[in-house]
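What follows is a set of notes on a single structure, which appears directly below.
Labels run A, B, C and D following the written order; every chain starts at residue 1.
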Amino acid sequence: MDSVDLEHFLVVGALLFAVGLYMTLAKRNFVGVLIGIELMFNAVNLTFISFSRFVESAEPLNGHIFVIFVITVAAAEAAVALALAVLLYRLRDTIDVDRIDLLKW
Amino acid sequence: MTIKSEPFVVNVGPQHPSTHGVFRLRLTLDGEKIIDADMVMGYLHRSMEKLAEERTYTQNIPFTDRTDYLAAMTGNLAYVMAVEKLMKIEVPERAQFLRTIMAELQRIASHSMAIGIFANDCGAWQTPVMHMFRDREKILDLFEMACGARLTLNYMRIGGVSRDIPDEWMPQAYKLLKELPKRFAEYEDLLLSNEIIVARSRGVGVLTPEQAIAHSVSGPMLRGSGVAWDVRKADPYAAYDKLDFEIAVGTNGDAYDRFVIRLAELRQSLHILEQALDMMPGGPVHERLGTATVQPGGQSIAPLALRPPVGEAYGRIESPRGELGYYIVSDGGPSPFRFHIRSPSFINLTPIKQMAIGTTVADAIVILGSVDIVVGEVDR
Amino acid sequence: MVILLKGEWYDLRDLANPVRELIDGIGLPDAVDYVLWSLIASVAILTWLVVSVIAFIWIERRVVALMQNRKGPNRVGPAGLLQPIADAIKLLLKEAITTRDADRMLFWLAPIIVFIPTIVVFAVVPFGESMVLANLNVGVLFLIAVAGIMTPAVFIAGWSSNNKYALLAAMRTIAMLISYEIVQVLALLSVVIFIGSMNLQTFVSWQDEYNTWLIFIMPLPLVAYLIAGAVEINRSPMDISEAESELAAGYHTEYGGIKFGFFYQAEYMAGFAIAAAVTTLFLGGWTLWGLEEWIPGWIIFLGKLYAVFFLYIWSRGTLPRLRIDQLMSFAWKFMLPLMLVNVLVIGAEVFIWEETGASRNIALPAIGAVNTTLAVILVVGWGRFLGHGSGRQRGYRATLTREIGKIYYTGAEAS
Amino acid sequence: MEDTGTIVAFWILALITVGAAFGVAAVRNQIHSVVLLIVTFAGVAGLYITLSADFIAVVQILIYIGAIAILIIFAIVLTPRAGRLNQEGFMLLPALGLAALVAGTMIFVAFDTSWAISERDGFEETATAIGDLLLDKYALPFEIASVLLLSAILGAILLVRPEGAEEEIE
C-alpha cells in the first residue's frame, strides 16, 4: 500500500470491465445493456491511460489519443443505440431484450 | 409507425401563479404540446345569483362589487342600470356623467392590471405589473375620495350615485389625466415592440371572428378578432352618446392583438375622460325615489325596500372584460325573482379549448393571460 | 509604500501571502502543509461565496424593487440588510418535507449534487496573482465540464420529486442546458484559439501583457457566453426551467426548507461562477491596467465579477421569458451558426497574424475592429435572414374605428 | 507514484469507482443505476487525474457525465411503459460466471506480466501535445471520427423521426 502502480489501475479496469460484461450479458432492459457497454468502454479507457502513464514508450501520449477516439465512438454508439431503444419501444412497446425475439432461430 | 407517446396530464391550477385565482385548467400534453384542455370551474363559487334573490334590490349592489373585483364600478353600473330599466327611472345628468367617468377610470385601472399581468404571464418578472400598479393606485385614490372605498366600491345607486364627488376631486382627476399620457407612451414604448412579447404572443391563441361570435365572446377578445363591437357604441348608456371615442380592433385575433387593444383602449378611455370631465354638468346626483330619505347633507339615499313592477330587464354595459349584463326578473316583491349575471370572464373563457389545443404549455398561460379573467366573475 | 509592501507577509494585494507565510513558519511536513493550505483556501472561497450570496440576495431584491417602483425589503435591520439572514433562518427552521411518492434517496441527494459543480468551479478561478486553488492547464475546459454536471443534477431533482411540473421543467432544463453547452463550448473555443492556452491564469497574464481585454477583441463570444450563462443559471429571459408563471417553481417545486435553500444558493453561486469566468476570460481578471499594483487584485476581480453579475439582475428585472422552442431554435439556428463562423474567423485571424508577424499595436486593433464589425453584421444580418427584428411589429397599433359591426379580421399572420 | 496524496486519492477513488460500478449492476431501480453510473464516470475521471491525464479527465466529465449519462436518462424517460426495474434475464448465472472468469484472467495477467515500467513522471501538460498529435499524426482518424459522429447524429435522427415528418419540413 506504499505506492500505487500500474497493477492497481489494471485491477480497477478489470473489475469495471467485468461488471460491464455482466450487465451486457445478463440485463433484460436494453438500457441496462447499454450501461454495461459504457462501463466496458470506461474500463478500457482507464487501462489505456494507465499504460500510457506507466509503460515505457516512445510516444506515451498515443494512449490518450486512443481514449479520445474511444470516447468519440462511445458517444456515437450511445446516440445510435439509444435511438434504437426508443424506436424499439415505439414498435414493440418494450425494450426487454428477452422479448425482442423476432429473429430468433 | 405511429408515435406512442404517453399522454401526460398537467393540472394548471387551482393553485397556480398564473391562473389569477382558483381556476383550474386540465391540460393533456404530448411532450410540451397540448392535445386537450379542460376547464374546471367553481372553486370560487359563492352562489351570488341565488343569494341575491333573498335580498332587496339595494342590498344587492355590494354583490356586484364582488363578482368582478377588479372592476367594481362597472359591476355596479350594469346592475343599477338593469333595475332602473325595470323601474323606468330617469337618472340625473350629473350622475350619468359621474357614472361614465368612474366606469372609464375603472377601465383604465382594470386594463392596467390586465396588461401588467399579461406581461407577467409572458415571463416579465413582476416589473410591468408593478409599474401598472402605480397608475391603478392613483385611480383607486380617486375612488376613495369619491366613495370611501378602494376595491369594493359600492358607489352606484339605483337612480344615481351614492354621493357627489368632493371639491378636491376634479383638480386631482385633471392632474392624473395630465400624467397618464406620458405613462401610456412609456408602456407602449416598452411593451408594444418588445421582441420577446411579440415572439411569445404573435399568432398564439388565434380566434377567428366566426369562432369568436359563435362562442359569444365580447370585449377586447371580440375586438381582437377584428369584430368592431362595443356596447358603448352599439347600445349607448350613461353619457356615452354625448362623447366621442373610437373602438380599437385587431386584425389577427391573437393574444398580441388583445394586448395591443387593451393598450389602445387606455388612450381611448383617457380621451373619453377628458371630454367627460370638461362637459360635466351640475345638479343632483341622485334621482329622488318615492320613499327616499334625505340625509342632513342633502344626499338622498335610495330606500331599502324598492318594489319594481312585475317584469324583466336586461342592463348591459361594456365592462373592461367585455359585455357585462344583469338580467333581472321582478315579481313585484322587494327582492328580485331571478337575478342572472352574464359575466364576460366566464363566456370569454369558453373558447380556450380551441385556442389552447396544438400550442404549448407556455402558450396556454399566455392565452389565459390574454383572456384576462377574474375568477370572482367566472364563478360568481 | 508599494515597494515596502511587496512580497512581505502583510502585503494585502495577495491574501494568500499572510496565510502562506504563517503555514511555512510553523514548519509542518509537506503533506500536512498541502492539506492545510488547500483547506484554508477552500474554506476562504466558500465563506466568500456564502457571504456574497447573502449580500446579493439583498442587493438583487433592493435593485429589482427599485426597477419596479417598490422599496424592497426594508424592515429587518437597517435598510432591510438582515433580511437574507432572517430568510436563511426561516429556511433552516422549516420542516424538510419529502413528498410521499418521491424517490427519497435521490430527493435528498439532488440539492447536494447541484451544489457540487457550483463550488468546484471556483477552484480554477484566479482571484489574484497567486490566489488560485488549482492552476489547471485545462481550466477553460474544466469550467465547461463542471457546469455539465448541473444537467444530471437538475434531472435528478425533477425526477425524484414525482411532480409533473418538476419533471416537465427537468426535461426542459436538460434539453436547454445541452443545447447551450454547445454554444458555450464554441464561444470559449474561439477565445482559447486566440490565446493559445486553456489556463485561466494565462488568460489574465495575456490580457495584462497585451494591455487589452478580450471583450474589445471579440465581443461576440462574450455575448454568447453571457447568454449561455443566463440559461445555465436560470435567469430571465431564459428562466424557463423554473418559469414561475408556467411551472410554479420548475424542478424544485416540491422542495421546501433548507433543501430549497440549497437550490437557491446554488443558483446564485453558479451565477458568480459565470461572472467569474467572464471576468477572467474577457475582462482581464484581476488586472486593471497597472492599477493592481496599488489596489489588491482580488478587489478588482470581485468588482468586475459583481458588475457582470449585476447584468443578470438587470435582465431579470427587465425582460420577459422566451418559450422553450424559441429558446432552442435560438440556440441551434441563431447562436450555433454564428459561433461556428466566429471560430472560423478567429482561427483565420490568428493564422494571418502569425504568418504576417504584424506588431501587436497594429494587429490587435485591427482584429478587434474586424471582429466587432463582423459581430454586428452577423447578428443583424443573420437575424434579418431568420426574420427577426425587421421592425415589422414596431409600428403595429390597433385599428381605430367608429363603425359598429364591421369585421377587420385579415387572418392570422404567422409569427 | 509514491507521494501520500496520490496514494490516498487512488484508494478512495478506486473504491468509489468499483463500488459504484457494482451498485450499477446491483440496484433495482433503473434511475438509481444511472445515478451510480454517473458516480462511476466521475470516479474514473478522478483516476485519470491521478494518472496526470488532466485533459482526458475533463473530457470524461464533459462527454460521459454531460452527454452520455443524459442520453441514457433520456432513453429511460422516453420509454415509460417499459419496466424500470434493473432486473436480470435468464443469462444471470452464465454472465456472472463469465464476468468472474474475465476479471480473474485479467487480474492474473496484470500481476503475472512483467510490464516495461518507465521511470518518467506524470505528464506536465497533455492538452497541447494531444492537440498536436490529433492534427498531425492522427489527422485522418480525427476526420474519420468527425464523419462517424455526423453519421451517428443523422442515423439517430432518422431512426426516431416520427412518420410524416417529411411533410412538416416542407
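In this text, contacts are C-beta pairs under 8 Å (C-beta built on N, C-alpha and C of every residue); 3 or more make two chains touch, one makes a residue touch a chain.
Since this is a predicted model, take the numbers as computed values, not measurements.
*Asks:* If I average the Cα coordinates per chain and compare with the overall Cα mean, which chain comes out closest?
*Replies:* Checking distances from each chain centre to the full centroid gives C.
*Asks:* Among the chains, which is located farthest from chain A on the basis of C-alpha centroids?
*Replies:* When every chain centre is compared against chain A, the largest gap points to B.
*Asks:* Roughly how far is chain B from chain D, going centre to centre by Cα mean, in whole Å?
*Replies:* 61
*Asks:* Quick one: chain A and chain D, Cα centre-to-centre, how many Å?
*Replies:* Whole-Å distance between the two chain centres: 6.
*Asks:* Could you give the separation in Å between the centres of chain A and chain C, each centre being the mean of its C-alpha atoms?
*Replies:* Taking the mean C-alpha position of each chain, the two centres sit 34 Å apart.
*Asks:* When the C-alpha atoms of chain B and chain C are each averaged to a single point, how far apart are the two points in Å?
*Replies:* Here chain B and chain C have centroids separated by 43 Å.
*Asks:* Can you list every residue of chain D that touches 2 or more other chains, as numbers and ranges?
*Replies:* Counting only residues that touch two or more other chains, chain D contributes 55, 59, 67, 74, 81, 126.
*Asks:* Which residues of chain B are in contact with two or more other chains?
*Replies:* Where chain B meets two or more other chains at a single residue, that happens at 1-3.
*Asks:* For chain C, which residues are shared contacts with two or more other chains?
*Replies:* none
*Asks:* Can you name the residues of chain D that touch chain A in the complex?
*Replies:* Residues 1-2, 6-7, 10-11, 14, 17-18, 21-22, 24-25, 30, 33-34, 37, 40-41, 44, 47-48, 50-53, 55-56, 59-60, 63-64, 67-68, 71-72, 74-76, 78-79, 81-83, 85-92, 94-96, 98-100, 102-103, 106-107, 110-111, 115-118, 120, 122-123, 126, 129-130, 133-134, 138, 141, 145, 148-149, 151-153, 155-157, 159-160 of chain D touch chain A in their complex.
*Asks:* Given the complex with chain D, which residues does chain A contribute to the contact?
*Replies:* So the residues of chain A in touch with chain D come to 1-32, 34-36, 38-39, 42, 45-46, 49-50, 52-57, 59-62, 64-65, 67-69, 71-80, 82-87, 89-90, 93-98.
*Asks:* Considering only the defined contacts, which chain D positions touch chain C in the complex?
*Replies:* 3-5, 29, 31-32, 35, 38, 54-55, 58-59, 61-62, 65-67, 69-70, 73-74, 77, 125-127
*Asks:* Could you list, by residue number, the parts of chain B that touch chain C in their complex?
*Replies:* Touch list, chain B to chain C: 8-11, 16-18, 29, 32, 119-127, 130-131, 133-134, 192-200, 202-204, 206, 208-209, 223, 225-230, 233-234, 246-254, 257, 260-261, 263-264, 268, 360-363, 365.
*Asks:* Can you list the residues on chain C that touch chain D in the complex?
*Replies:* 31, 34, 103, 105-106, 109, 136-138, 141-142, 144-146, 148-149, 151-152, 155-156, 159, 171, 174, 178, 181, 198
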